[in-house]
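In structure tokens below, several structures.
There are two complexes below, and they share chain A, which is joined by chain B in the first and by chain C in the second.
On to the complex of A and B.
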């Protein structure tokens, strides 16, 4: 999930890699850095999470070489949308969320897409995953506009942890990135490992 | 019905695979080695669809060798695993997907010993210990209890023996022999085959066996 704050954004994910009921790894990376203040989180089929992140990094690298500047969050949204829609009739089973600060204006940005690339930009938060309903409930309760970085960290952590605790196949560790104008803080949460 | 086990130790990776080659309900070969050498210090254990395992493993092994020939040095474990993952993922949505589950263990000078777990869909994760097959349901909990970081070779072999005993105790399929190999700085070492520790059945007192003459 990702949330907007005052001049900052946060993105968080659990770290479980499982095959149906069996948990294989508790340190699976689902959030990838595509720029100094631009992150994408991918939920869904693990192989597609890795394939999409690799393909996307390739496209973003080419973009930055050609344009000679960093990609904007809004543009990244379009790039991901295009990547996913190309596979309209044999899609990648991922649901990305994007969180970042604009390179020039430092305006916060969060967005999410569905598995065939339908983009959705919101002003508050975005969620995706098996426990998305639980996450919607939690986010609606804990989020309020213009939270500062520390309050935002608290809000997104509580939202993620409690939503994941109500889902049998989510959890087993969590990681949160708080993206501000001058720094990015990454924290691993002490989560219920069940 | 196959089982692959990988354990990462201090500066080595211990890999084991059952040695039964079967088709349907028949065990055709009891001393089959499911581990393929990719390079001097890279070992891949593969299980899954019959022909796919060998074909895919040999394809990867030859490509790793080609890289070495072209560039003069070996691929790191991480790079070789990523290359393998990319191939599996690309073939997944083609008309000829490979149904192979893999464990790749290797040693390189920069990262030390690494173990990578890959399933047939192409999801890859670096693990301290990994198991493929039905055996995983029995063995992963044993590993969670007894595994520790930086184990020595002897400790890892004891842990592996525990796992094999557990499989023998509770898994309905008889996997009574495991091929074992260790990858470390010096290369790949073939260890003795491991079997479950057998307990001799005790003779109940008061009975005699009688030969009918």
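On to the complex of A and C.
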């Protein structure tokens, strides 16, 4: 999930990799850095999470080499949308979430997409994953506009942990990135390992 | 007499030469100079970007030096339109390697792939060869700082220091004399400007015409690409220009 704050954004994910009921790994990376202030989180089929992030890195690298500048969050949204729609009739089973600060204006940005690339930009938060309904409920309660980085961290952590605790196949560890203009803080949360 | 063997790339002349390839190499000798020097602690590249008219907007995009990946840079001399195709191809190949192997593309592989594309146009299809020479500068964990050069025929080799483009033969002469294995980056910068200025007409040298690139390692031992500032270029020019501009 990702949330907007005052001049900052946060993106968080659990770290479970499971095959139905069996938990295979508790350290699975789902959030990938595509720029100094731009992150994408991918929920869904693990193999597609990894492949989509690699294919996306390919396109973003080429963009940056050709344009000689960093990709904007809004543009990244379009790149991901295009990548996913190319597979309209045999899609990647991922639901991406994008969080970042604009390169030039440092404007916060969050967005999410469905598995065939429908983009959605929101002013508050985005969620995706098996416990998305729980996450919607939690985010709606804890989020308020213009939270500062520390408040945002508390909000997103509580939202993620409590939503994941109400879902049997989510959880087993969590990681949170707080993205501010001058730094990115990454914290691992102490979560219920069940 | 051997004119009849000129017009197609796909035939040899009786002397065993492919004339179209040689004419392509000739075309490059009219293009802007690129000098690249490998030193102990980095690579210095000096490229002359020719300004055919005063109306051309001040440099927005690079014309000579292109970043190919996080550890590799390609400098071109020759027909810019041809160069754009090859640079784009090289960039795509770098990303393909990154996607398949999750590691930075080794420079030799990219050089070889681009060279193979160039060679294709000397043997198949009846299309003219690419009129571009490319100098690659790269850093890798295994090989350190490396310089490669490929010409329109598709031949490539690794070099200690190289010059392509206008005045390349006389500049290579200077480099041969003055390059030593223990030259450092400052020495390389001075050597490049000295070698460039020697065969040149002093009036036409202006610091605005240069694109520069310094490839070193940063504090985390990762490759770092920087261009020289205009002041530094001015200073190096002043120090190494044998005839002071009046």
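Rule of thumb we're sticking to: the second predicted complex is superposed on the first by the 194 of 194 C-alpha atoms of A that agree within 3 Å, B and C clash if a C-alpha of one lies under 4 Å from a C-alpha of the other, contacts with A are read in each partner's own complex, and residues count from 1 in each chain.
Note that a contact is a pair of C-beta atoms (placed from the backbone, for glycine too) under 8 Å apart; a residue touches a chain by one contact, two chains touch by 3 or more.
All of these numbers come straight from a predicted model, not from anything done at the bench.
Trainee: Based on the superposed arrangement around chain A, label chain B with chain C as either clash or fit.
Mentor: fit
Trainee: Residues of chain A touched: more by chain B or chain C?
Mentor: Higher number of touched chain A residues: B.
Trainee: Between the C-alpha centres of chain B and chain C, what angle is found at the C-alpha centre of chain A, to the nearest 10 degrees?
Mentor: Between the chain B and chain C centres, as viewed from chain A, the angle is 80 degrees.
Trainee: According to the stated criteria, A:22 is in contact with first (chain B), second (chain C), both, or neither; which is it?
Mentor: Once the two structures are laid over each other on A, A:22 reaches chain B alone.
Trainee: May I ask you to decide whether A:90 touches chain B, chain C, both, or neither, giving the answer as first, second, both or neither?
Mentor: After superposition on chain A, A:90 lies in contact with chain B alone.
Trainee: Would you sort A:57 into first (chain B), second (chain C), both or neither based on which partner it touches?
Mentor: second
Trainee: Of the two partner chains, chain B (first) and chain C (second), which one does A:66 touch, if any: first, second, both, or neither?
Mentor: A:66: touches chain C, not chain B.
Trainee: Is A:47 contacted by the first partner chain B, the second partner chain C, both or neither?
Mentor: first
Trainee: Rounded to a whole Å, what is the shortest Cα gap between chain B and chain C in the overlaid structures?
Mentor: Closest C-alpha pair between chain B and chain C: 5 Å.
Trainee: Name the residues of chain A shared by its contacts with chain B and its contacts with chain C.
Mentor: Common interface on chain A, chain B vs chain C: 54.
Trainee: Would you pull the chain C residues touching chain A in the complex into a rising list?
Mentor: So the residues of chain C in touch with chain A come to 61-62, 66-69, 88, 91-92, 94-96, 98-99, 102.
Trainee: Quick one: in the complex, what on chain B touches chain A?
Mentor: Those in contact with chain A are residues 85-86, 88-89, 92-93, 117, 119, 121-127, 130, 136-137, 140.
Trainee: What residues on chain A touch chain B, complex-wise?
Mentor: Residues 17, 19, 22, 24-25, 27-28, 45-47, 49-51, 54, 90 of chain A touch chain B in their complex.
Trainee: Give every residue of chain A touching chain C within the complex, in rising order.
Mentor: Of all residues in chain A, those touching chain C are 54-55, 57-58, 61-62, 65-66, 68.
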